[in-house]
Each structure stands twice: as C-alpha cells, then as structure tokens.
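Same chain, two partners: chain A is paired with chain B first, then with chain C.
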Partner chain A sequence: MSQTHILRLDSVVKRFGGLTAVNGVSLAIAEGEFFTIVGPSGSGKTTLLRMLAGMDTPSSGDILLRGERINDMPANQRPTCMVFQSLALFPHRTVGQNIEFALKIRGVDAATRKARALELMAQLRLPADYYGKSVTKCSGGERQRVALARSLAYDPAILFFDEPLSAIDYKLRKTLEKELKDIHRETGKTFVYITHSLEEAMVMSDRIGVMCAGEMVQVGTPDEIYTAPRTRFVSEFMGDVNVVPVRLGPDGRLHSDDPPSVFKAPTLPEGFARGHLVVRPESMRFVERAEQADNHVAGRLYNEYALGSRIQYQVRVGERVFIVERLRQQAFAGRLDDAVLIGWDAANSLVVGD
Partner chain B sequence: MAAGSRAPGPRFALPVLGLLLVGFAAPLLAVIGYSFMPERTFGLWQEPTLDNYASVFSGTSYISFLWSLALASATVTVLALVCYPIAYGLARVFGRWSPLITLLFTIPLFVSENVRLYGWVLFFIKGGVLLGTLKSVFGIEIESWLFTRGIILLGMVYVYLPFMLFPMTLGVAMVPHETSEAAADLGASRWQVFREVELPLSMPGIVIGFLLTFVLAVGAIVEAKVLGGQQIIPITHDIEIAFTYAQNWPLGAALAVLLMVVVGVLVIGVLRRFDLDAVLGRR
Partner chain C sequence: MGAGARWRHPLVWAWAATVLVFMYVPALCLLLASLTSSRYFIFPITKWGVAWWEKTFDSLEIHALFRTSISVALCLTVVAVVIAFCGALAFARYQWRGRTLFQRLVLLPIFFPQSVLGLALLLWFSALGLDLSWRTAVFAHLVWIAPVVTLVIAIQVYSFDPALEEAAFDLGASRWQVFREVTLPVLFPGVFSGALFAFLLSWGNFPLSLFSTGADTTIPEYLYAKMVAGYTPGVPVLGTVSTVGAAVLLLVGYLLIRLGRRSRRDDAVERT
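Here is the complex of A and B:
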C-alpha cells in the first residue's frame, strides 16, 4: 500500500436490515487531496461518509487510516472531523465558544484557545468582534464559516463535508465553493466532500467519485468524469445530454432503432457490442445539408429555452427529444415547429455501457 | 368613524376579562384581604392588621412551611434523578417502544390520586401485599414502612412523576441528534457531550418540569395524610385546619398568601435565571 494514501476503503458494505446502503466500495484517497463523492439522494454517499467519520460502522469490509484499521474506532477518537449538512452548531454558545469547543475538550487554556479562535476567524474572514456573538444571530454564510472554523480548530487529518452548501442560495454558494477550495489550498488538509451536485464537485475537487445505488461507479478527475463517463448514469448525471441506445453493426457503424438510423462511430472501447451513444448538447449543431456533419437526424423544432449565455433547443425526432445548445451570439434563426436537421461529428460523441 | 369601531378587539375580550376578574382575581383578592383581618373574624371590612402574619412565625406553622418546602425540594430532586434517564430513553433510545412506555406512565393519571395512594397503603400495610407475602411465603417479618417520612416522599415522587417526565422528554427530544454527534466528532467523551450539549440544550424542558412538580408538591396534602400518618404536617394541612376546624379564616388566608409569595418568588427567580428563549438560542 502506498504511504501517500491517507484513507483506504476495502470492499466496504453497510446494510440496514434488508437494505444495502453501501455495496462494496473500494477507494484510496491521497494525502492532501480534495475528493468529492457525488451521487443522487439515496445513493449511499451520506452513509459512506458517516462510516468514514466513525458515526456508523461497516457491516463488512475495512476502513484504513494511514494503514491502520479504524472500522470500530468511535468518532471522538478519530483524527477526523465533519462539517454537517445542518452544520450542527451549538446554539447555546457564542461564535468563539463554538470554534474553541475541540480545544476546550482537550483542556487547552482559555488564552491559547481564544488566540487560535481569532486566528481561524481571520482566516475565514469572520470579523473579530463576532467572537462574543451568539451563533444564532449569524447569517447563513457566517454560520458556514463558523462550522468550518470549529472543525479546523480540531486540527483533523481529514475534514469531511456532508453537503454543507446545499441549503445556501446560488450566488453565495458559488462564493463559498471557491473559498472552500482556497481553504483547502491554505491548510493542505485532506478534504472529503459529499454533494448531489456534480457542478459543485467539478469546481472544487481534485478527484470525483460518482455513486449510484450504493456503488462507486466511476472515480476520476473532473475532466475524466466530464469527457469520458463510463456509464449512462454518469453521463446523464453531468446534466442534459443526448443518449441514444445503439449496437455495433458488422459494418463498424452504430445502429439505432429509435430513431431508425446508422451513425458513424467514435473510437470504440475494446469489445463494445451495444450500449449508448452520448452526444453533449453543445456538440450538436443545426445543419442545412446532411454532408455538413458526420451524423445527422431530421426533426421538428419543439421549443427553446434561454439559459443565460446559451440557448437550448429541443428537437423532436419521432418520440425522442434531442437537445442542442448554442451560444447566445450564435442563436438559431428557425421558428418553432420548423423541420430542422441536426448533426454532430463522430469525434465529439462517445459510447458508454449501461 | 367612532373610536370604538376602529378597535373591536378589546371589546370582544370583555367577557373573558369579566370571567378572569370574577373567577381568578376576586378569590385571590378576598384571600389577600382576609389575611389582614383580625383573628377569627369573617368580615372583610375591619381595621387591617398584621397579627396573622406575626402569629405564623410565633406559632408552629413555620415548621409546616419548612416541611412542605423541604418535601417539595426532595421530591423535585429525586424526580430529576429518576426522570432524566427515562426521558433520555423515551426521546433517544426506546424508539418504537416509546409511545407504549409513555402510555404506561400516563394510565395511572386516569385513576384518582386518593385511590392510587390507598393502593400503596394496601401494598405496604402490615399484613398487606408486600409484608403479608413476605411473612406467609418466606416467614420473614419486618416493620411496616407505612407512616414514615420515606414513604411520603415515595408517594409524592410516584404521584408527580409524569409532570416531571413529560416536559423533560420534550426537552431532551429538542436536542438535535446531529448536535450531539458533532460534539462527539470534535473529541468530546460521552459525559462531555452530555454536560456541554445535551444538558444545557434540554434545560428548558428540565426547568419547566422542576417548576411544575415543585409548585404541585408544595401544595400537596394527601400523600402526607394517607401514607404519612402524622409524621409530617405540611403547610396545606395547616391551611385546611385554619379554614375548617379552627374557623380562623384570617390565619388560613395569611398562610395561603405566604405560600403564594414564596412559590411566586421562586418561580419568577428561576424563570429570570433561566431565560428559556436564551437557552434555546432564540434571542
């Protein structure tokens, strides 16, 4: 086992009665890494995190922290700390008392505690006069910072995050995401973050693990996850994509029943026989003649949506809906219900398994 | 527009106000009035005097006072120690059994307090359920605990248990589980989680339980009468005697007023000390 791996999971399983919440997850997280576990609700990501933090114990499998098996080590003895979704601040304590909690538990004297708390508050851009303020009087963003400072005061080897930004409005969330990545850089600690938003994961993470139905379906850098999703689930989790079920014909082309068509294939993985052809909306374009793109389908412009910098078009091809996105400056001039031809180049598509 | 029609609210409150004046304020004022009347008079329009209050302290009534306060304090203390673990269990541990256990604690309330206390008498009396069984089955003969101070305390704890348990359960249930988990995650031991997080955050429920049971226990009378024989004379007994056998309404009224003042000061003091909203972090 490599020494640079701070945390290793070996076939970790968690069952609740007849339900398997986490099903054989193996993973190695590097020292100092910002690792994000992303998945829809019910995918088992929170259960997995609770086992890593010591609030649940695995039904089987091993969790190794720096090579030491910590399956049954309770949370209060683990050198890890969690920022909860609810933040779980102590409402009867001030900002300062919240941040100092871990130090007080360790028996650190009051002066040292206060110095450290003020240091952390400065680092997290909390005004020093908040030290004596009740946490219940802080705004949402301030409470986030207090929760983070409280965890950092524990000086954990790994910091866990359970969707702490999910209840924050969009604009503030964007700011806090970047701040969190800055804090990660400054502290050099290992961050393990959980979210249901792949967008959030993309912004912050060194690596992302995508979970679905209790299993880790793909682990990779944000770029790998984005450009080379391995399954239909991962590709669709990225946001709106066009997915067409296809099978490989003897002619080396991809055959589809709906819409009934034959497409030029991108580079196929070894042994590919059938699966899904994935084309991102931004790789789709409106064409006038079929020769203008490697592949094309004919349909009817059904609707268009302004997405800010881009415009999204829905094109109905039989019962199937294709999505095309163009930059605002390159808006398509067609009218609703016009017959349109949309196309894409094989190199901009990829195939995935189920 | 007429002045009255702009604010119909106060006029609609008049019936309730009248009811409160007649049903609540008037008897209270009458009692306070009587407490300043000369001894053994039944009129309210005599020269006011402080004689009744003086005689409380020159007589033996102050001993009853102390007994009532001591007994109530002991009851509250025992209840706190007994109820917190049960409340914690009901809120956190027992899970789907909680409603059933709660029901079991509630059922006795449907039976008259006197009947329940006489049940205890039958249980503890010489030759009764406990001692009789011990004697006939095991041949052991021991003194009955009936008519001792201990049994009075037992009776009080038994009767007032639900009034401590339920507010306390609510108090413990109000502590978010994640807050306890967060404290443990930050290195706190089980005891530190309790002391730093769970106890202070469940304080509102505990304080309400304390006040409720203390006020009820100070006014208790039946437990001492039925279970205690003449071992303890609570102040409520003195008040009853003054109003009935002794026919000395002013003395009874003075005792009642003193009791109200003591309890009132205590309640207000406690509520000041524990600002419930502040404890909950709402202010």
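Here is the complex of A and C:
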C-alpha cells in the first residue's frame, strides 16, 4: 500500500513564534492523484503547501516522498514544482523563455528546449506564435497556461498549485478548472491543489482534505465530503446549509431549543449525544400539511434570491433563518411575509459534531 | 468637459510654457554668455565669437579638471551602486529586526547640510591622517550619494514580487542562478537609474568636493573659484559643457533602457 503513496505526511507541525500554523497534519497522497486542500484564509493550507514544496521546513513531523524523508531538502532539489498564486512569471522574459527556464538551468541545448516549449504550448492550447511574445502582454488565461507549461517543462513528480485561479473571473475560472482536470488526466502526474473554494475543489479533485485552524478536519472524496461532512465546519464550508443545534432525547428523537421542537433523527453515529442537525437547502421543501414530511417547522417567507438555475428562499422561524432551494422551473408561488410550513425527511438530514 | 478637453485648454499650455521658460532660460543664458569674444561679462553681447570655446578646450588645466571629475564620478558610481544594491535589498526586500531603524539611518545623511557634512568629513580625514585627493572625494560623495541611490533602487525593489525568486529556485536554479537570471535582470532598470543618479550627483557636487579633494579640483570647484575671482567667458563655456554633458548622459541612458527592452523582445522573436 505504501508503495503507491507518492507523498506522506506524518504529524507535520509548523510554528511561527507563538503561532501554530499547521498542527499535526498526517496524510497520504496516492501516485497520480488530484488532491485538493481546502480551507478558509488562515487555516494553514498555504503553509502546508510551502512545506511540501520545500519553501518552509516543518517544526516537527516528517514529509516523505516515495518513502524518502525530504523535510530539509531545498525546493530546487525536490522533484516537485509549484504554480504560484501570483503565477510569478518572469516579467523580463518571453513566453518561450519562461517555459524553457527549468531546461535552461539543466543545460539543455536551445533547439531541444524550443521543441519542448512548443510541444507544451500546443498541449496547453497556446498559439505557437506566442513563443516570442512578452509575458506581460498575455491575458489572464494565457498567463495561467504559461505558468502551467513552465512547471510541466520541469517534468515534476508532483505539481503543487497555490490558488492560481483565485484572481480570475468566474467564467474563465470555470473553463480553466476543467482544462486543469484534463491536463491532470493527460499527464498522469500527481496534483496537489489548494483553494478556499470547495466548489472549485469539487469540480477537479479525486480527494479533498478540509483544513481548519491548522488541522486537517476531514479527508475524503468530493462525494463523501458533500454527503457526509463530519463536523459543523465542514458542512457549512460546503455553502449555505441549515444547521440546528440538537441533543438526543431518551425517546431516540432529536430535541432542539431554537426552534423549540423535536425532530425525527436520521441514522445516528455511535455514541451521539449532542451536536448539530444539518439539512441541505435542496432537501428542504415547502409543505401544505405537517404529515407530508418527517419533520417540519412553521415560519414566514422572508426573502428570495435568484441563483441562476435555482431560487433560494429564506424562511424566518423565530430568530433563526432556514433556507430552502428549488429549481427555477418549480418556483414557489408564496408571497413575502406569508406564513409557510417547511419540512424535510429524516433520511435527507444528518448529524455532525462541532 | 472630459479630461482630454481640459488638457487642451490654452491656459494649461501657457502655464506649462512659463514653467519651462523659467527652468531652462538660465541654462540658455549660460550658453549665450559663452559665445562672446569679449574678455568680460557684458550683456547683451556685442561681439559674438567662439574664441573662448577653443581656448577652453585647448587648456591643459581644463583637461585635468575633466579627468578628476570623471574619475571621482566613475569610481563613486561603481562603489555606490554595489553598496546601494545590497542596501536596497535590506531596505525593501527582506523583513529583519532593526529594518525600520536602518531605513531611518540611511535617509538621515540625505537631509544633512552638505557643507557641514563636508567639514565633518574633512575633520575625520585629517584625524585619520589621510592625504586629501580625488580618492577621499569619492568617499565623501559616497556618504551622501549612496543613500540616495539606495532609495532609487529600493523603489524598484518594492515592486519586486519575491515569488519570482521562489519560482526560479523551485524550478531547479541555484541561489546564484536565481540572482543572475531573475533578481538582477528584473531589478536592472532600478540599478541603471541608480547608477545614472550616482554619476550625475557626483558630477555636479560642489560642497562635498570643496572639503575633500585637497589639491585636486573638480569642475564645480573650478567654476566656483573662477566666479569668485578671475571670471573669464571660459566659465560659461565649461558650465555649458558640464550641463549639456549631463543632459546627454541622461538622454543616452534613457535610450539605452528603451533599446535594451526592445532588443530583448527582438531577440526572442528572431529565435522563433
């Protein structure tokens, strides 16, 4: 099993003075995997990536590359390469010179370098006549491709990505996400990607690791992270969800103080006593009578937002706001401030810890 | 009314012209004053001629002046740029304890009155028993000019993305290759401007030279001495040459930077 793991982290810790940026992360990344680390700013994901790339050294713990401890191996000796958030393209060089940089450092002759650069440009759909173009004259999307080509020219065993798409507008980002996944498939290399957008992670990754306050709180496939978040943090990181604090009553049902109610429980993890009930907005629905769903709450329709293909409704229940989402074609006919009844089935809910 | 229309307003042009006239007419008068064949300074000029130009260029004394001024300025430029480049990295690139203090200390000599600085240096030179010559002048100029050049280069360093160095290092370059392939070329425009500043500030400097050159004389020192006693139209000749020389150097420097940028692009295109 360990043979197929290209990268292993063993209780990796990084402290900066009194601050612990990464707190005991253990992880194994498989050969050829697209692994994404997601987390909000300050969760330690960039620090973790910098240690993997060799730009920072762990305070304790080990990083193993194909079984070899590489904690203190500097970045220029690691068979890994990083695509930076700022892309860090050399502004005084052309597209071709940027892509060829690693080959030039290795002493590869000019003709071979150029052939390889043009090959990579073709693969990344950069026109061949961009070879002599100054990188400062390229558009955002082109610069992304140049940065990726430059890293691929190094022929790394692992490619790291430090939020390279965060500064790009939505539409182009969506295109580039898919392209990146295609490139991953074509090259078969291991990709380790960090982002603060779980949506971005979902599109591209084989597996996702969610970080919070320096710790890796959950690792799983996109499907697992989406359908079975283990903590309140992970479930809320997915986007808008309904979260209600509950405790398990002696009757086997979930009791809530706000709103004061009792809910039918989904399958509970062993030893569950108190935590949060999570219901996705698309699992919530408007009902006419209480019997139409396992659980229900009564409130007032407070506002509605068009989200493109879906419409989101906010329903106020006391001080708490519940959200319901429906497809545009099935828009709810209610008017604002109408009294409404919303409900969900226990099977479509789950409970999580803190 | 758009911004474009505002710029075309005649008053704007009149104002700009006035400013330019005030700035450049004195320099022009210098040129006119040199084009007399009279021994004295009489304005308006009655007898035109270039006799003083010939006399000045033939004078061995003047040749010596140029040698001294150029020696000081060239040596100073080399030393100042090396010191200031390292200083600028410490000033703007790296985070370290005492950086703020360093930034303040570097700036201080710039605001120190130069004549006082010159005198202080003279006291030091004699205390240390150093013979005054153009070499001590290099040192004296350095005290004032190195901080200025540090600031000029630091401006370029501030806009430098440290990720560029990390990226080059990550792509397999050694520390030295990172410096040669990325840091230096990206910062080069700043270094070049810094060098121009160093040369020109030294070229025109009077108060520091006055106290530190000893028996050697630079052009500004000579001009001052001649104006105080022994004026000839050779003074405006030398003044004009010195000013035009500086202007030409600036212009050539600017063209070189532009040319450098273009040739790099053309090189790359040719290789395609």
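Just so we're on the same page, the second predicted complex is superposed on the first by the 353 of 354 C-alpha atoms of A that agree within 3 Å, B and C clash if a C-alpha of one lies under 4 Å from a C-alpha of the other, contacts with A are read in each partner's own complex, and residues count from 1 in each chain.
Please note the rule applied: a contact is a pair of C-beta atoms (placed from the backbone, for glycine too) under 8 Å apart; a residue touches a chain by one contact, two chains touch by 3 or more.
Keep in mind the model is a prediction, meaning the values are calculated, not measured.
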Practice problem: Would you mind checking whether chain B and chain C clash or fit side by side on chain A after the superposition? | Solution: clash
Practice problem: Please work out whether A:Thr136 is in contact with chain B alone, chain C alone, both, or neither, and reply first, second, both or neither. | Solution: first
Quiz item: Which partner does A:Phe272 reach: the first (chain B), the second (chain C), both, or neither?
Solution: neither
Practice problem: Check the residue A:Lys114 against both partner chains and state whether it touches chain B (first), chain C (second), both, or neither. | Solution: second
Exercise. Tell me which partner A:Tyr226 touches in the superposition: chain B (first), chain C (second), both or neither.
Key: neither
Quiz prompt | Which of chain B and chain C A:Tyr302 touches, first, second, both or neither | solution = neither
Quiz item: Of the two partner chains, chain B (first) and chain C (second), which one does A:Phe332 touch, if any: first, second, both, or neither?
Solution: neither
Quiz item: Both chain B and chain C contact which residues of chain A?
Solution: 53-55, 74-77, 80-82, 84, 86, 88, 90-92, 101-102, 105-106, 134, 150-151, 154
Quiz item: So in the complex, which bits of chain A are touching chain C?
Solution: 53-55, 74-77, 80-82, 84-86, 88, 90-92, 94, 96-97, 101-102, 105-106, 110, 114, 129, 131-132, 134, 150-151, 154
Practice problem: Provide the residue numbers of chain B that touch chain A in the complex, in ascending order. | Solution: 176, 178-179, 181-189, 192, 196-197, 200-201, 279-282
Quiz item: Hey, which residues of chain C end up touching chain A in the complex?
Solution: 161, 163-164, 166-174, 177, 181-182, 185-186, 188, 264-265, 268-272
Exercise. Would you mind writing out the residues of chain A in touch with chain B in their complex?
Key: 53-55, 74-77, 80-82, 84, 86, 88-92, 101-102, 105-106, 134-136, 150-151, 154
